[in-house]
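Note that the chains are named A, B, C and D in the order they appear, and that numbering of residues resets to 1 at the start of each chain.
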């Protein structure tokens, strides 16, 4: 008996509902671009992107395609290829809501859900305009008698429960354990998500838990709801340790997407490949 | 140039000061028994043991030898060999202070220090006598508007900063990275400790960070203040993946230590070996 | 008729309580719950159902990679259906004591401590209390120390709590509304009178009280031919004592 | 005399600010700070001193194993001595803006966002602000959005904060008490008048204002023969542009 559900890419796409709060991995954590392509084709609406802590071309494409109503992130950027044009345009024209955050806050909100507590405290941030505009964040005076300073304001961040998470991994084992290596932010994302699906380059015919050291590189199968083999599933983003980003393609995108028209032209080609 | 300080066992022992709050690893995390032996020989006093989350023979020996004034733990036990006799006697006779806790609270207090926040919230525990007797713990009404329940009492645990941590590891690499595999509670301990020393079976002639997957099994050298090679350094405790516990020896201890006299007789032999 | 050990009967009783689970976790020093979980997993496999078993102190059945805290985080996330707790004392309101007897300030007999009970009891939907010794010493009217309370006020976050209590003489179900145990089954060699005498707290008695169920031959075969060897990996002394493996 | 690129001069200026560090971390898209950190590490090695450099987006210089949050936890623990921050706008009180221009509700030009600045600025003892473009557009009187404030009230936990600001024209030191920058050095081709004209905020001028320091030949050799290749691993375009490697 197979210890996990092997799904088609479209079956995973079907798990995403309009309005879902969806976990978005950073460019170094395995961006599920093939999945994203199918999601755009399906025409999903009103997604809320929760980026840990940033998104690049994945978020920009979803925004430009009209799939997104809200983004919570520390950054949306094309990195060395400049601003994320559809994101910038959408914010400037008020098409999407941006909940500006900062990297450690995005981690901490998921850690609160990981521990099933309603909030997580964080230092820093106070006095920034990030804090000023986040009505879901709260500041209390340090309630502790023996730790921290008296009268010290402490920022409290709400627990965030994701509806769904999809990321792309180099490989999974025959029992559905996902090899994530040092990309442990994927554990935090998975722990805080109601449903987790993984696209992967390949399924290994071994159990990574048979060896203590290889077990240590895994996100355990118990958090995973389904897996789909998708070759080159992160292209044109990098899959660290497997392939580099296709910088020519990202550059091409960065230029085309400067206008909505150029973006639509680019996407027509991209989606039909 | 060596990327870490290789020390003698006695140099590590000298780093422990009377009154220190010392991190104590569980029996599955690498118990530094050879170090403990030398610590007892030196006659250190007033140690406060912070067990993550429990201690076995290491804590019992330190208590029986008069090195300990306080223990914070979820359990002190000899496991299948029964109660920890010197611990039980010391608590019953009021010789040591026991700060009774529960496993997740011990983890969370270190996670607060890991994040440099004055406290960490935790669910559960409320209504137990553990909570009743912990004057350093506090309960507030859930201050969040949108997460958790209104009027819900939330337990806040103080950040705990350890003075020093010593544990025993199977191997370290030539640059001082410690291979901990799945024993990631050792990361939390190290992150929350001012000083960290490691005894190890051997130093490998490779850099574990040269490979992404072996890097993922490490506690990075940046948290480590010194390393000492000590063969069989966990005996008679287990070093998971390397050797099993010497159950005959622990059983022998469990019987001898039932009385202080028997304990002293046992220790005389143990310390002179 | 097959000669059945008391431990085998208890394993089978526990197994019956686990059949609807997807993820069962077993804590330290729990050979009988551990065997029950593995037995149900094996039976599920025969019916092509997936069942996950996490056994602490076993590398083989350790599903976690995030260190010792993952069990508690995982349980708090609602990803564990059943967990087992014991107690030096268990009282009629399902409060459990793992700390000691006598007053806390001047403790008479000190036991190891509360382990993770103070969280697990709150968050795991089905907590099965398991204590082999059934006597007025272990099943008391009121515990001397509450490691974890049997019930909580309405405003406390508590999706989990006690569902059953199994001893080597009886199986009780906990009634959350009445805050009271109800006797469901007794061991074949027991009388209701004796159970009442040996139980330090008052309890209800189910209308359809029965003896503990004798496992069928298939289950006994799986237990002895398969589970015994699996258990011997992490509880060698227990496996040797019961099955000689 | 050796022909020196402006970028090399900036790398050398930054390196001079790092000599007392034990652990330097460098964030995303920062080739010049990255090169400076590696340069100081190499120079420390020659003197048998240990210096740790963590460069995000480089596998080779990634010292972390606890996922993307470890940089922030590590910094909050006080284990990082120097970090670099930039800004779409930086103002005279060292507030930085990485979000956009115009009012937040009706933003004119949107930039990527604040990244980790809102924590790092508070906890890393030496924050070096680095922004190559030195103009009234980047160095402003008051930022339009505060991604992270340059100073905080007394009751706020803040062991860290701004120490220096380097542009391709000048080096300023931040005076925490006066909440004001002080000009220390200017580029060899610059005049004080021009710096004043190009700076959107008021600042003090140090009594001993000098030109930026020309690195000695040893440093230039290390930079060109060694650091250039190291940088090409994670900033290939930059290494190619400056050194043709």
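By definition in this document, a contact is a pair of C-beta atoms (placed from the backbone, for glycine too) under 8 Å apart; a residue touches a chain by one contact, two chains touch by 3 or more.
What you are looking at is a predicted structure, and each value in this text was computed from that prediction instead of being measured.
Compared with chain A, the chain whose C-alpha mean position is the greatest distance off is C. In this structure, the chain pairs B-C and A-C differ in their number of contacting C-beta pairs, and the larger number is found at B-C.
Centre-to-centre spacing of chain A and chain D amounts to 28 Å, using the average Cα coordinate of each chain.
One inter-chain figure worth recording: chain A and chain B are separated by 35 Å, centre to centre, where each centre is the mean of the chain's CA atoms. Chain C has its Cα centroid 39 Å from the Cα centroid of chain A. Contacts with at least two other chains are made by residues 104, 115-116, 122-123, 148, 152, 182, 184, 187, 212, 215-217, 240-241 of chain A. Across the assembly, chain D contributes residues 59, 62, 64-66, 73, 76, 123, 157 that each touch 2 or more other chains.
Chain-to-chain contact here is organised irregularly, matching neither a line nor a ring nor a star, and falling short of all pairs touching. Shown are all chain pairs that touch, namely A-B, A-C, A-D, B-C, B-D.
Contacts from chain A toward chain B in the complex involve residues 104, 108, 112, 115-123, 136, 138, 140, 142-148, 152, 154, 156, 158-159, 179-182, 184, 212-217, 240-241. Of all residues in chain A, only 1, 3, 113-116, 187, 191, 209, 212, 215-223 touch chain C in the complex they form. Taken together, the chain D residues at the contact with chain B in this complex read 23, 45, 48, 50, 52, 59, 62-66, 73-74, 76-79, 123, 157. Residues of chain B touching chain C in their complex: 26, 28-29, 52-54, 73-77, 79-80, 83-84, 87-88, 91-92, 94, 98, 100-105, 107, 111, 122-133, 148-149, 151-153, 182-188, 240-241. Residues of chain D that touch chain A in their complex: 28-29, 57, 59, 62, 64-69, 71-73, 76, 98-100, 104, 106-123, 145-149, 152-153, 155-157, 237.
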